[in-house]
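A quick write-up on the structure given underneath.
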Amino acid sequence: MLGNPGPGSANLLPGVLTAKHEGVPVLVITSQHRLGIVYPSSPATFQGQDQLDLFRPAVKWGGPVFEWVRIPEVLQLAFREMWNGRPGPVHVELPAPVLYEEGDDEGVRVLAPGRYRGTGPQASNAQLDEAAAMLASAERPIVISGTGVDRAGANDALLEVVDLLGCPVLTTMAGRPTVPSDHPNYVFGFGPAGDQVRSESDLLLVVGSRMGNLDLPYDRYWGDPSGQRLIQIDVDPGNLGVTRPLTLGIVADARSALEGIATRLHATDLPARDGDDLTRYRALDEQARAAQAGPILDWQGPGIHPAHAAGVIGAVFGPEAVYTVDGGNTSLWAYNVLPATRPRSYHSILELGMLGTGIPSAIGAKLGAPEREVVCVTGDGAAGFNIMEMQSAARENLPITTIVFAEGSWTMEEPNELDLYGETFGTAQGEIRWDIVAQGLGCHGEYVERIEDLDGALQRSREHDGPSLVCLRTDHDANLAIPAEMLTRFFEVYSGPAKPATV
Amino acid sequence: MLGNPGPGSANLLPGVLTAKHEGVPVLVITSQHRLGIVYPSSPATFQGQDQLDLFRPAVKWGGPVFEWVRIPEVLQLAFREMWNGRPGPVHVELPAPVLYEEGDDEGVRVLAPGRYRGTGPQASNAQLDEAAAMLASAERPIVISGTGVDRAGANDALLEVVDLLGCPVLTTMAGRPTVPSDHPNYVFGFGPAGDQVRSESDLLLVVGSRMGNLDLPYDRYWGDPSGQRLIQIDVDPGNLGVTRPLTLGIVADARSALEGIATRLHATDLPARDGDDLTRYRALDEQARAAQAGPILDWQGPGIHPAHAAGVIGAVFGPEAVYTVDGGNTSLWAYNVLPATRPRSYHSILELGMLGTGIPSAIGAKLGAPEREVVCVTGDGAAGFNIMEMQSAARENLPITTIVFAEGSWTMEEPNELDLYGETFGTAQGEIRWDIVAQGLGCHGEYVERIEDLDGALQRSREHDGPSLVCLRTDHDANLAIPAEMLTRFFEVYSGPAKPATV
Amino acid sequence: MLGNPGPGSANLLPGVLTAKHEGVPVLVITSQHRLGIVYPSSPATFQGQDQLDLFRPAVKWGGPVFEWVRIPEVLQLAFREMWNGRPGPVHVELPAPVLYEEGDDEGVRVLAPGRYRGTGPQASNAQLDEAAAMLASAERPIVISGTGVDRAGANDALLEVVDLLGCPVLTTMAGRPTVPSDHPNYVFGFGPAGDQVRSESDLLLVVGSRMGNLDLPYDRYWGDPSGQRLIQIDVDPGNLGVTRPLTLGIVADARSALEGIATRLHATDLPARDGDDLTRYRALDEQARAAQAGPILDWQGPGIHPAHAAGVIGAVFGPEAVYTVDGGNTSLWAYNVLPATRPRSYHSILELGMLGTGIPSAIGAKLGAPEREVVCVTGDGAAGFNIMEMQSAARENLPITTIVFAEGSWTMEEPNELDLYGETFGTAQGEIRWDIVAQGLGCHGEYVERIEDLDGALQRSREHDGPSLVCLRTDHDANLAIPAEMLTRFFEVYSGPAKPATV
Amino acid sequence: MLGNPGPGSANLLPGVLTAKHEGVPVLVITSQHRLGIVYPSSPATFQGQDQLDLFRPAVKWGGPVFEWVRIPEVLQLAFREMWNGRPGPVHVELPAPVLYEEGDDEGVRVLAPGRYRGTGPQASNAQLDEAAAMLASAERPIVISGTGVDRAGANDALLEVVDLLGCPVLTTMAGRPTVPSDHPNYVFGFGPAGDQVRSESDLLLVVGSRMGNLDLPYDRYWGDPSGQRLIQIDVDPGNLGVTRPLTLGIVADARSALEGIATRLHATDLPARDGDDLTRYRALDEQARAAQAGPILDWQGPGIHPAHAAGVIGAVFGPEAVYTVDGGNTSLWAYNVLPATRPRSYHSILELGMLGTGIPSAIGAKLGAPEREVVCVTGDGAAGFNIMEMQSAARENLPITTIVFAEGSWTMEEPNELDLYGETFGTAQGEIRWDIVAQGLGCHGEYVERIEDLDGALQRSREHDGPSLVCLRTDHDANLAIPAEMLTRFFEVYSGPAKPATV
């Protein structure tokens, strides 16, 4: 990312902060005026802004380059810190005169990455032996897969361990795309089945996750830790044992560690597992999902239910597409319905909850994987933040499809307001014709008011040579009707574990 | 301004930073999660963000409210700092549990502003006497009016002093709307006439300005300070004598100070001034402007020259409208052509140079002065930042008119790139139909490709009951052709005073 | 203050922070390594420390000088901020290569203070008229004098206002030396008489004080604000109305404002005041002090009572000496007994409560006022922090007298510990022979175990040509026996106003 | 470390900052007033100090505890960060009401370290295999030992690798005590022999060092990196490849990694090494040291040469004592002469260069290893910073011996001043009788003016039951006469590599 002094840099901040929270490695380069008017700037300085100070809270590391010979060295510092532990954004400030200066670079050493930083942390023999032995001897081991598995490309290694153990596999909230939802050992983690899996387990292997608030890491959902052991593998020592007591914490790259464990399990005489537990868990899971899905399946309209729409989108684009998801309640439906559980297939901003990332993520995904179809599913509140990026897509002629679920409201805000005051404030957004906006920006636009028209609109969008936007008029009441259990759990993210009702 | 924890707060940052640079008093309230998961937040905390740290570089003062009984006291601290010296944004963080808590407010003192903070600084008798005596005895006094004059409502008092002295009056770059450009004593400050006025003066009275980089406060434009005296009146002691040596610095509210000086000048037997100097300055000014205007007036198209368009807009809306101006080169033309020199009539972001403020400023201006017509003139690059706010205007049914000068390029960036590399990178924006975008957002839209159609489009927009947008296809080459002298001066804002050519 | 990179700068911090809390104007200059190894420094940099970051929380303003031509400009910025509002420390960092660089200073402007900053804030005619009118018409006006009066040299002007009004005058806790305690209108502020004065008053004139926690600015000690008006004069707008509701807040230099008020009162036909109130207050004051002094006067030993010792010291050095006071309980006795109520006669660190300042303050006072006698009264805990500065005094041959009240304990910490746990932890210090230590450092030393030997020891110390130290063996039990009412009030500094006992 | 609000906390800063630079794990706990008057504090708050802000630049991590139930969790966060990568200080702020609050701790989980954090990073099999293979096949491998070796208790493992390879072993500047100077493979690193060893090597194994400025990591001293490979083992990924290009960077605990390498080397058929290189290097080393020692050995007085004194001290206390060293030139002599090259035997503050640490380090060393003799060798400038801690030693009856090299000057500052201005400023300190000071503080004191009296004084000090101090009158000229080559190298620490003289 690049920013000029003043506004260019200031406007980067929300995005950089999002990258920090989500653990995205980004190099932010800001330019700056000559040192004659900044560091320090007086009250009379035009755009006199201490950008190092400004970015400090939003990055892992930041520093200036005040002499051009230090450009390679400072960039090495920046990249070293970017990749140290959990990745994240780093900041380098380059005053314009340094940027434009010319000189003899004879003594300046430009090094390949391996010459100035180590590879990521590795698990030792001893650690892998211990982990494998614990898994082999556990009665009810389970595997919980976090988003770090996707980052490390450890998806296959993880499933190999699961297959070897014949045990249930869950994902964290953010780790959704790390396990195919049709995997025979998969259990959905945020319902009664997931709770039972965790609570009955005597050994949890958690990989690439901090077990954060969104995962509700409370005893009522995870069980009594005195009867459980926990192996946690993470690339960052700061993530170990933060919310659940550890038995064995391993700072390591997830892929090589899981491969090491799989190798050892292959060489171990593992106890036979009859699969009864897994069958029981999956039956319970099936039953809970069906109960939750009932009212949704029964929905007759007249408007469009967002879950139905997500179903159509998933059917059209299938499991091999990349999905970027944005918004409030819209993203909850999308999360539960879209078929995106392939590696690097699902992009959403869970930790910071930033809105407006759907379209930019779709552009980035398409640039990064031009051979894959890319679909953005977004609420209309979220769409408004960066709708202009559809013009970027048009300018670059990127064939992505954005579907705006346009019900005309900030629906996710409503339950709290209704609960507190019996009315809502400023949540109504009005009717926006996103398809017309998109046309003004040079994109193909479709407008859909009936669910039966959606498939056709999506097909036409797929076939368009360039970006398309479908404005889908979803139903406000349907969108508001989030299943009660899901809401309860979501509330506990903020409030902490609910007190058990007293008898 | 209000922000929820996480994205709501993060997205406020660029705007708050702009307010800090422009000296705009804003109270930013961010909410926050309960103290059980923030201060400190662990790596596992959802939206775990130290927002006090985050906002620190962007505000004058910030603090949390951790106990509800402190709400009035902390808000008093915030307002006191907001108005102390140059105004600016302040930040208060309110964790949700504190916000929702209920209690007995018997012992909690809620005070009117005058009970917890003083009025602004005042000039003493001695200071006003000295200033008036210096002005009365000066041979060639001049008055330079900054944006602080507009803020203080001191416009009339300033012109009264000018009339009493019969001296030239200039404005700073940001102070443009503080003096009507048809005032008989007005001289344009950024051309040869302005330079001569300043350089020949033996006494400068500068009010409400820091004489910042944009005002090119260098000897070559302001004269030799050894032969000049300088009276500076400013509400902030930090702004005094920053770039030009002071003779008398007065920390005071501009209005009461100027009124005090005027009262004293009325009571003084002022020397007769024949007006020859002023005549000479204004003749030079006239001549320089004509020379600069020549190529613009001669422009025959085929495209639309932005200066011509600004002329039509000014003719339609007249000097009593409020103009908000946004963009790069577009804003330079608008600055020079629009007739906005009434108090609080012209809003632009000069100091930080933030883009995207034109439409939001128009909305704010209309809400603040519903009886006035409000017009936004914006470049197309700038328009893209906050075009969604046209939907806010539609939702609130605010009759504002936005004219987008759509030439399809980041033109202001081009000269530097062409100069350095002989080509441009990423400055082309493509053709956007802003009028269609606006229609999608619920506004009236007009599309104009010929200058002769502009008047009609503007008239229809004025008559529309709600927001309108005119997409005006301006000419790229015309927009690029900024007069050479203006460019030279602009370059010196960044580079400092150019070295005089050696003989 | 000057610090080299690394330790030299790090060691400045506690002192700079003290200056910030106490409002002392100090320029801190730190040197720094070349920019090739700092800004940024890598983990491999020797003394690689971002000192701007380090000092930021401890100063009002800080900035580097990265180009030698900016030295005057940056120092102007620093001095402008140092004196803006309440004074305080500012920081300038000077990398060694910039410090050592040589160049042509032709274009570099070095200005006298009046050319680059304004004078302090002044009260306007209107403000002074209003204040004088309020005072003239008040029934029971009172004057409360803070430490700002001493700083502004406004002591005489304040007493002139008091004399004109014939009203009681109190001091704040820190403002003790601003009013001679033998002034006929003086009432001690922190006992029943002071409470009654404030509570019965219909108009308080507070000058140069923030009415901070140490002044117990609570209704129970200051009265019901609905029946009172408050005029506050302060040099810093941030200090106005912080703890007590204002009627008239004036941002002004205390001296010129008080002189302006006095001038107006002289010109006013003030109502006759019979003095009955003042007589009543002073009688109550006298009675309360006598009651408090009883147990102290009755003390028979065998050890030395610190109050008795302070009495002897005061008798020997008299009211014209400068007293610097340091420590815990020792400083409470000294505060109440020493006769230092002349301008700039009493130096203590009340706001931050920093220990170890007594001896350095004595050195500073002697250097600043070589014609006055300077005496340091310090507890033994406090003495240990900077005892080495006695060697500085010896090296510079400065005739100051330090009296260490050596009872061998951190007595002020004891009551809290005894109250909570029934025992003390680590408060015993052991017997130190401070006189021998001082001899090792090149000073004259005296050791006193009986009160009757103190006078002689002090006389010999006064006559010594160089620094002296008297090690005075005070009694621990006597020191511990702080009067109950004083303790109660002190507790409320931390805890806020005590709840009134319910009937 | 513990600090009360205000001064107690402020005074911790220089020490905490030193711990940060030196990588010392320290938990700093500061107390704080109730939240009713801080966070935020108004200008009226007694000791109103944002201590989190204040400590931020001095610690690795800091946070408050605002609810008592979070005490264990926040302490876990603090300890996790303290030990993450390079250790360092962390800060926890505990407001007094939280500290004193009582409650039911049933739901509060207090965990053993292994339950909330991982063990340090480990090397993987693959990494150890690669390192061992590189070492086995190298022609001229060398081992360079940094202070991290001592921290990790890896001294024996390091020497085992050296013995297996039969190669030279050097230490970094800070790593001095990690290799006994009488080891047959040891070569002194900061002279011509060390330079030759490094430059001729084709494979460097650097352990526990960042190769910082003090190690002069420049090609002229380390050789051409294009012909060298570099294996670096460090516990912190941020330390890898900072100044010298890596071939293999391993983030690992030094001890387990070196043991792993040694195991692999044992199992390898290592090529025979004839030892000629080593013999050549050691001969050169011997010769260079002798040349440097010549003028020192020839010194005849009349004063005491500090190197001679260090020799006597070393002879008396021997290689098994713990030495703490403090000061400027004094510490250079001590560094080169004292026999302290056993694990954890030598404590000095090299990175930040903090002064005054000698006596506190001696106290800490004695408390940590009561069975060992502890000797502090300090210059007189350094001694003055914390001489009061001799009283702490007396109070605790700790038998340590401090020898102050008292030449009465800040000698290390003199060469620069003489070089620049031909004179010195404020470097003379005067004659202090440190032995008498120590007696006043309750210690045994000795005064020595002739080298032949030193042995006796030291013997009497050793036998004293409690702390002793020897005031040793060293010769100023002898102290000033640092060997030229050492000075040249020291200069390059600051200035970077000197340019080679042109022919």
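First chain written, first letter: the chains are A, B, C and D, and each begins at residue 1.
Here is the rule we go by: contacts are C-beta pairs under 8 Å (C-beta built on N, C-alpha and C of every residue); 3 or more make two chains touch, one makes a residue touch a chain.
Predicted model only: the values in this text are computed from it and were never measured.
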Exercise for the section: Spell out the chains that contact chain B while also contacting chain D. Expected result: A, C
Practice task
Could you let me know which interface, A-D or A-C, is made of more C-beta pairs in contact?
Solution key: A-D
Fill in the blank from the handout: The chain whose C-alpha centroid lies farthest from that of chain C is chain A
Practice task
State the superposition rotation angle between the two copies chain C and chain D, fitting on C-alpha atoms only and giving a multiple of 5 degrees from 0 to 180.
Solution key: 180
Problem - Inter-chain centre distance, chain C versus chain D - centres from mean C-alpha coordinates, in Å - result: 40
Practice task
Calculate how many whole Å lie between the centre of chain A and the centre of chain D, each centre taken as the average of the chain's C-alpha atoms.
Solution key: 44
Fill in the blank from the handout: So, in whole Å, the Cα centroid of chain A is separated from that of chain C by 56
Practice task
At least two other chains touched by the same residue of chain D: list those residues.
Solution key: 36, 42, 77, 238, 242
Exercise for the section: Show which residues of chain B lie in contact with chain A when the two form their complex. Expected result: 6-7, 10-11, 13-14, 17-18, 21, 33-34, 36-37, 42-47, 49-50, 53-54, 56-58, 86, 96, 100, 210-214, 217, 236, 238-239, 242-243, 351-355, 384-385, 387-388, 391, 394-395, 420, 429-442, 493-496
Completion exercise
chain B contacts chain C in the complex at 76-77, 80-81, 84-85, 109, 111, 114-119, 121-127, 232, 237-238, 240-242, 245-247, 249-251, 256
Practice task
Name, in rising order, each residue of chain C that touches chain A in their complex.
Solution key: 35-36, 39-40, 42, 63-64, 66-67, 69-70, 73-74, 77
